[in-house]
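Take a look at the structures below.
Paired with subunit B in one complex and with subunit C in the other, subunit A is shared by the two complexes that follow.
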Partner chain A sequence: MLWTLLAMHVVAVVAIAGSGRWLKIRVLLACAAVAPAATAIWASVQLLQGSGPTIAELTWVEGLDLGLRFSTDALALMMTLLVSGIGALVFVYATGYFSADAPSGARFSASLLGFSASMLGLVWADSVWTLFIFWELTSVTSFLLVGHKNTDEKVQQAARRALMITGAGGLVLLAGLLVLASEAGTTIITDIGQIGGSAGTVAALLVLVGAATKSAQVPFHVWLPGAMAAPTPVSAYLHSATMVKAGVLLLAVTGGAFVDVQAFQTVGMAFGVTSVLWGAIGALRHRDAKLILAWGTVSQLGLLVTLLSIGTGKAVFAAVSVLFAHALFKAALFLVVGEIDIRTGTRDIDELGGLARKMPIAFAVALAAGLSMAGAPPLLGFAAKEAAIEAVVKLSGFEMIAAGIGIIGGSVLTVAYTVRFLVTVFGPGPDTPVGPRRLAMTLPAVLLGAAGLVGFAALGVVNEIVLPAAVELNADAAKYSLLRWPGFTTAFGISAAVLIAGAALGGALSRHAAHAPEPLGADSADRLIDGTMSVARQVTARVQHGSLPVYVTVMASTASLAALPFFADLDTSHLVWADQPMQAVLAVAIVGSAIAGAFVGSRLGAALTLGAVGTGMSGLFILHGAPDLALTQLLVETIVVVGFVVGLGHLARQFPPVTGGWRTVRLTMSILGGVAVAGALAAASANPSGRTPVEQLATESVEEGGGNNIVNVILTDMRALDTLGEVVVLATVAVGILALANLRDPEASA
Partner chain B sequence: MIAAHSPIVRLGIRAASPLAILVGVYLLFAGHNQPGGGFAAGLVFGAVAALRTVAGLQRPINTGALVAAGTALVAVVAVAPLLWGDPMLDQQIVSAEIPLLGKVKTGSALPFDIGVTAIVVGLVLAVLDGLGARELAETSVPKPGGAK
Partner chain C sequence: MSIALLFTIGGLTTVGLYLITARSMSRILLGFALLGHAAVLALLASGGPPGAAPITNQSTPAEIANPVPQALALTAIVISFGLTLFLLALARRQQVLSGDDLVEDDLEDHRIAEGTT
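Moving on to the complex of A and B:
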C-alpha cells in the first residue's frame, strides 16, 4: 500500500510537471490534491482500525543494508494524517490563492506535490538511509518552493539561505546517522537500541544539530523568516505544519537511543529554551503578520524540542500533543494571513484595521486558531499546553528551572504575541479596503480552524491518535491522556496565570509600535554563503584556467606519481624479453613509431604515428589471443585518426616551437609518465595475486551468462554494474561536449 | 575537406557504409559468443558516421537523442529486475525457435548492449561535432592556421 501511495504521488508529479503547457495553475493544483487526499483517507482508516504497522521494503545492496525501508507505526500514521490532510487542504487553498493565469503553475504544483511525497517518505522511513534521502529531498523541494518567484533577488537569497542551512544540517545529520548506525549495529531505526559512551555523545550532538537546522532552532533559525518569501500556501504547509516538524520528529525517534546520553538532554534543552524565548520575542517585535507567525513557529518548535529533551513519559506525551495541535492552528493562521494578503494587498499590521467586521469568517478562524495557540479553553491547544505544564511541574532541580523558564515564560510570551496579532490585524485601525471572498481560500481555513474546537469537543478521538504515537516513543506515556477539565491543579493555576499575564502584556504591546529588528544573524549567514561562493570562484579561476597543456600535465603527473608505489613490487626475474619472435617485430615497430612521433614536426604526422602505435598494440593483443581487445583497439584507433583529421583542420600544419622551461617540463613529464606506466605494468604482471580465475570465469560465463565470449559476458552480466557506470560516464561526457559545442555556436543547437 | 572533394573517397565511403553497418550489426549480435559486443559495434557505427561526416554525406544528426535513448535503455535494463525482486542488472536468458534462424538464445544483455552502442555512437558524433566536423565538411578549403 505504501508503494501504491508513493507511486501515485510520483506519477502525479511527473504528469503535472509535463502538462504545464496545456493546463492552467488551478487545474494542476486541483489534480495535485488527489494523491494527498487519498493518502490522508488511508491514514485515517488505519488509525481508526488501530491496525499494526505497514512495512514496505526494497533491498538494493544487501551486505550494506542499502535500500528503502518504510514502516508506519502510530507516530508515522499521525504525521501522515497531518502531512497529507493539511496537504490536500493547502492544494485546495492554493487554487484560490493564485490568480487563474499565474505563471509557472506546473513547476509550483509539481514541486509542492513532490514535497508532499518526500515528506511522506521521511515520515515513513525506517532505515537511516531512507530517512536521510527523504530528509534531503524535502530540503531541495523547499528550496524550489521558497524560490518560486525566481526573478526577485531577495527571494533568491532567501531560498539559497534556506537550502544552505538545511543542506549543511543534512550533512551533519548524515555523519550523526553513520555514527549511530555503526554504534547500534543496525540501520533499521526501530531496531536501534540505547547507545552511550563518547560515540553516543558524538552521534547525539550531530543529530541534534541536524534537527536544529531543519526545525529552525536558534541560532539556525535565520532561514525561516526569510523563507516567508514563499507563496503563503507553501509557508502554511512546509514552514509551519510539516517540514519544520521533521527535526522534531527526528529527535523523537532517535531520542530512545540517546536516553543515557546527558549531552542530548542538556544541549537539546539549551536549543529548545533559547528558541522558545527568542522566537516569541521576535514575534512580538515584527509588524508583518506573516513574520509574526513565522517567529511564533520558531518559538513553538523550541517548545517541542524542550519537551523531547526532557524525555519523560509525560513530556513526550505533551510534545506529541502540542505537535498535533500546532500543525492545525498554525496552518489555519497562515491560511488566514494569506487570505488577508490577497484581499487587502498588505500584511503590515500598521495598515490593517477593522478586519473583524469586514472579514468575519477569517476573523472567526483566526480567533479559534489563535486562542488554541495561546492555550486557552475550550480548544485543543489548551489540553496540549496543560500537558506540557504538567510535565514541567513534575520535574525537579535545575531541569525544572530551565524547562520552567522556557515553557512557562514562553507561554506567557506566546499569549502576548497572539493577543497582539489578533488585536492589531483585526482590531481598530486604518480603514482597509477588502476584496471579494474566494471560497477555495475560506473553506480550508475554516476546516483547520474548526479542527481545534472539534478536537477539544471530541478529545477522546484526538487522544486515540496522539497517545499510541507517544507510547511508540516512550512506554511511560501510556498512563496519560488529554484532559478536557484538569481540575484545580497546580498546572491549571499556572495556566490561568499565564493567560492573564500574557493577555496583559500583549494588550500593552499592541498599542506601541514595536521596532522590527533585522533578522538577526541572517546577514552573517548570507555573508558566509557569499564568501564561500567567492572563494570557490577564485579557486576555480586558478585551477580551471582553460589551458589544455597544463590540464594534461597535472593529470599525467598525478597518475605517474600514483603509479610509483608499485615499483616496490617490481621483480625483474619474472620478466622475459618476448614469448615469440613476432612480438619483437611489433615492439620494434611500436617503439619506432613512438620515437618518430616525438620528433615529427607536422601535426598530421604526429597523429599518424600515434595511430601506428595503437595499431601495433592491437597486433600484440592478437598475438596474446585477445581478439576482442584487438578489435576494440583497432576501431578506437580508426576513429581517433578521423577525429584528428577533423580537429587538425582548425590548427596550423606544424607544431609551434617549444623552448625554454616549458620544454623541460614537457620532457620531464613524458619521461616520468613513460617510466611510471612501464614500471607499474611490469610490476603488475610479475606479481600476479593468486591463480588467474580464467577457468572459473569460463564456466560461469557459459552457465550463468549464456555466452561463450567471456569478455562480453563479463561486461554485460557479471560486472554489468561497472559497465553501467562506465556508459553513464560516456553519456555524461557526450552531453557535456554537446552543451559546450552549443555554447560556442548557439545557432548550431538542434 | 579533402574527402569532400575527392569523388573516389566519397564514392568509396558511400559504397562501404552499408557493409560496415552490416558488420556492426553482426558484431552486436555475435558479441555474446564471438569477438564483438556493444562497444565494438558502437565504434563501427561511429566510424561510419565519422567518415560520412568528413565526406559531407548524410548521417544521423540528433546526437542528444541517441545518447538519451541509450542511457534510458541501459537504465531500464538495470532497474527492471528490481521490480521482480531480483538483484539489479540480473540477466534473463530467453531462447526461442525462430523460422530460418533455428534455435536462438538471447538475454537481457542484448538490450543492454544496444544501449551501450547508442551511447558510444552518440559520444563519437558529439566529439566530432564538438571539433567542428560539420562546418569543416561544408567549407571548401581548410583554413591554413586558423586558431593559434
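Moving on to the complex of A and C:
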C-alpha cells in the first residue's frame, strides 16, 4: 500500500511537470490534490481500525543494509494525517491564492507535490538511510518552493540561505546517523536500542545539530523568516505545519536511544529554551503578519524540542499533543494571513485594521486558531498546553527551573504575540479596502480553524490519535490523556496566570507601532555562505589550475603512497634473482634502453630506443614461454618504429629543452612510482589466491575450441566478444589517425 | 617471482612516469608505450613462473606456462599499440597547427582561476 501511495505521488509529479504547457496553474493544483487526499483518507482508516504498522521494504545491497524501508507505526500515521490532510487542503487553497494565469504553474505544483511525497517518505522511514534520503529531498524541494519567484534577488538569497543551512545540517545529521547505526549495530530505526559512552554523546550532538537546523532552532533559525519569501501556501504547509517538524520528529524517534546521554538532554534543553524565548520575542518585534507567525513557529518548535529533551512519559506525550495541535492552528493562521495579503494587498499590521467587520469568516478562523495557539479553552491548544505545563510541574531541580522559564515564560510571550496579532489585524485601525472573497481560500482555512474546536469537543478521538503515537516513543506515556477540564490543579493555576499576564502584555504592546527590526543574524549567515563559496572557488583555482603534468604527478604520487601498506608485510622468501640468466641480461638491456630514451635529445634516437625496448620485451616473452606475445610484440614494434619515422618527418629533429627544478619533482615522483609498483607486485605474489585450472583449459581448448594453442583459443573462442571489441577499437583508431593525418596546415592551404 | 622481472617492471614504470609528465607530446607517447610494456610484464609475472609454450600437442598441462595472463597481455599489447599510434597522430597534428608539439595548460581551467581574483 505504501508503494502504491508513493507511486501515485511520483506519477502525479511527473505528469504535472510535463503538462505545464497545456494546463493552467489552478487545474494543475487541483489535480495535485488527489494524491495527498487519498493518502490522508488511507491514514484515517488505518488510525480508526487501529491496525498494526504496514511495512514496505526494498533491498538493494543486503550486506550493507542498504535499501528503502518504510514502516507506519502510530506516530507515522499521525504525521501522515497531518502531512497529507493539510497538504490536500493547501492544494485547494492554492487554487484560490494564485491568479488564473500565474506563470510557472507546473513547476510550482510539481515541486509542492514532490515535497508532499518526500515528507511522506520521511515520516514513514524506518532505516537511517531512508530517513536521510527523504530528509535531503525535503530540503531540495523546499529550496525550489522558497525560490518560486526566482527573478527577485532577495528571494534567491533567502532560498539559498535556507538550502545552505538545512543542507549543512543534513550532512551533520548523516554523520550522526552513521555513528548511531554503527554503535547500535543496526540501521533499522525501530531496532535501535539505547546507546551510551562517548560515541553516544557524539551521535547525540550531531543528531541534535541536524534536527536544530531543520527545525529552525536558535542560532540556526535565521533561514526560517527568510523562507517567508515563498508563496503563502508553501509557508503554511512546509514552514509551519510539516517540514520544520521533521527535526522534532527526528529527536522524538532517536530520543529513545539517547536516554542515558546527558548531553542530549542538556544541549537539547539549551536549544529549546533559547528558541522558545527568542522566537516569541521576535514575533513581538515584527510588523509583517507573516513574519510574526514565522517567529512564532520558531518559538513553538523550541517548546517541542524542550519537551522532547525532558524525555519523561508526560513530556513526550505533551510534545506529541502540541505538535498535533500546532500543525492545525498554525496552518490555519497562515492561510488567513495569505487571504488577507491577497484581498488587501498588504501584510503590515500598521496598515491593517477593522478586518473583523470586513472579513468576518477569516476573523472567526483566526480567533479560533489564535486562541488555540495561546492555549485558551475551549480549544485543542489548551489541552495540549496544559499537558506541557504539567510535565514541567512534575520535574525537579535545575531541569525544572530551565524548562519552567522556557515553557511558562514562552507561553506568556505566546499569548502576548497572539493578542497583538489579533488586535492589530482585526481590531480598530486604518480603514483597509478589501477585495472579493475567494471560496477556495476560505474553505480550507475554515476546516483547519474548526479542527481546533472540534478536536477539543471530541477530545477522545484526538486522544486515540495522539496517545498511541506517544506510546511508540515512551511507554510511560500510556497513563496520560488530554483532559477537557483538568480541575483546579497547579498547572491550571499557572495556565490561568499565563493567559492573564500574556493578554495584558499583548494588549499593551499592540498599542505601540513597532519599527520593523533588522533581520538579526541573517546577514552573518549570508556572509558565512558567501565566504564558503569564495573559499571553494579559490581551492578550485588552486587545485584545478590546468597543467596536465601536475595532475599526473599528483595522481601518481597519491597512488604510490597508497601502495605503502603492501610493504609492511613484504615477504622475500619467494623471490629469485632471475628465472634464467638471459632474463637478467635482457632486464638490464631493456631498462638501460628506456633510460637512454628518456634523456636522448633527438626524436629519432628516442624512437630507436623504444624499438630496442620492444625487442627486449619479445625476448622476455620467449623466455617466459609465450611465443604468441613475442611474435605480436615484434610486429607491433616494427610498425610503431616505422610510424615514428614517418610521423617524425613533420616534427622538429630535437626535443624542446627541459627547464627548471620541476625535473627533480618529476624524477622523485617517478622513482617512487616504480618502487611502489614493483614492491606491491612482489608483496602480492607472496600469497597467490588461487591457481588457474590449466588442465581444464587444455582439454576444453582441444575438445570445444578445436585448437592446440590455448592462448589462441582463449582469444578467438572463449573471449571472442572481447576480441571483437578490440578489433572495433583498432578500427576506430585507424579512422581517427586517418582524419588527423589528412589535416593540412590551415595557413599553408589558404 | 623473479627479481629481474620486478626490476624491469619498476624501471619501465619509473621512466614511463617521468616521460608522461613531460611537456612534449612525443615524449608523453614514449612514456605511454613504456608504461604499457610495464603493465604487460606485470600481468605475465603475476600469472606464475615461466614454462613451456601453452600448446597442447607439444607439452603436458603440467609443463606449460599459465595461458590466461598471456591472452590478457596479448589484448593489452594490441590496445597500447593503437593508443601509441593515435598519440603519434595527435602530436603530428599539434605540430602542423602550432609549430611545436607541446601540451599547453588548459585554458578553461585558467579562466576559472582568474575568475576568483
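By definition in this document, the second predicted complex is superposed on the first by the 538 of 750 C-alpha atoms of A that agree within 3 Å, B and C clash if a C-alpha of one lies under 4 Å from a C-alpha of the other, contacts with A are read in each partner's own complex, and residues count from 1 in each chain.
Here is the rule we go by: a contact is a pair of C-beta atoms (placed from the backbone, for glycine too) under 8 Å apart; a residue touches a chain by one contact, two chains touch by 3 or more.
Small disclaimer: the values here were computed from a predicted structure and weren't measured.
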Touching A:Val733, do we find subunit B (first), subunit C (second), both, or neither? both
Would you check which partner chain A:Ala741 touches, where first means subunit B only, second means subunit C only, and both and neither mean what they say? both
In the overlay, work out which of subunit B or subunit C sits against more residues of subunit A. C
Where does A:Leu548 make contact in the superposed view: on subunit B (first), on subunit C (second), on both, or on neither? second
Considering only touches as defined above, state whether A:Leu58 meets subunit B (first), subunit C (second), both or neither. first
Applying the touch criterion given at the start, work out whether A:Ile714 contacts subunit B, subunit C, both or neither, answering first, second, both or neither. second
Quick check on the superposed pair: does A:Arg357 touch subunit B, subunit C, both, or neither? Answer first, second, both or neither. neither
Which partner chains sit in contact with A:Leu724 here, subunit B, subunit C, both or neither? Use first/second/both/neither. first
Check whether A:Ile639 is in contact with subunit B, with subunit C, with both or with neither, and answer first, second, both or neither. both
Intersection of subunit A residues contacting subunit B with those contacting subunit C? 627-628, 632, 636, 639, 643, 647, 650-652, 656, 708-709, 711, 715, 723, 730, 733, 737, 740-741
Can you tell me which positions in subunit A touch subunit B when the two form their complex? 58, 60, 627-628, 631-632, 635-636, 638-639, 642-643, 645-647, 649-653, 656, 704-709, 711-713, 715-717, 720-721, 723-724, 727-728, 730-731, 733-735, 737-738, 740-741, 748, 750
So in the complex, the part of subunit C that touches subunit A is made up of which residues? 1-24, 26-27, 30, 33-34, 37-38, 40-42, 44-58, 61, 64-68, 70-71, 73-75, 77-79, 81-86, 88-93, 95-97, 100-103, 105-110, 112-113, 115-116
Would you mind writing out the residues of subunit A in touch with subunit C in their complex? 534, 537-538, 540-542, 544-549, 552-553, 556, 574-580, 583-584, 586-587, 590-591, 594-595, 597-598, 603, 606, 610, 613-614, 617, 620-621, 623-629, 632-633, 636, 639-640, 643-644, 647-648, 650-652, 655-656, 658, 666-667, 669-671, 673-675, 677-678, 681-682, 684-685, 688, 692, 694-695, 697-698, 701-702, 708-711, 714-715, 719, 722-723, 726, 729-730, 733, 736-737, 740-741, 743-746
So, in the complex, the side of subunit B touching subunit A is made of residues 1, 27, 31-40, 43-44, 46-47, 50-51, 53-54, 61-64, 67, 70-71, 74, 78, 82, 88-89, 91, 93, 105, 107, 109, 112-113, 115-116, 119-120, 122-124, 126-134, 136, 142-148
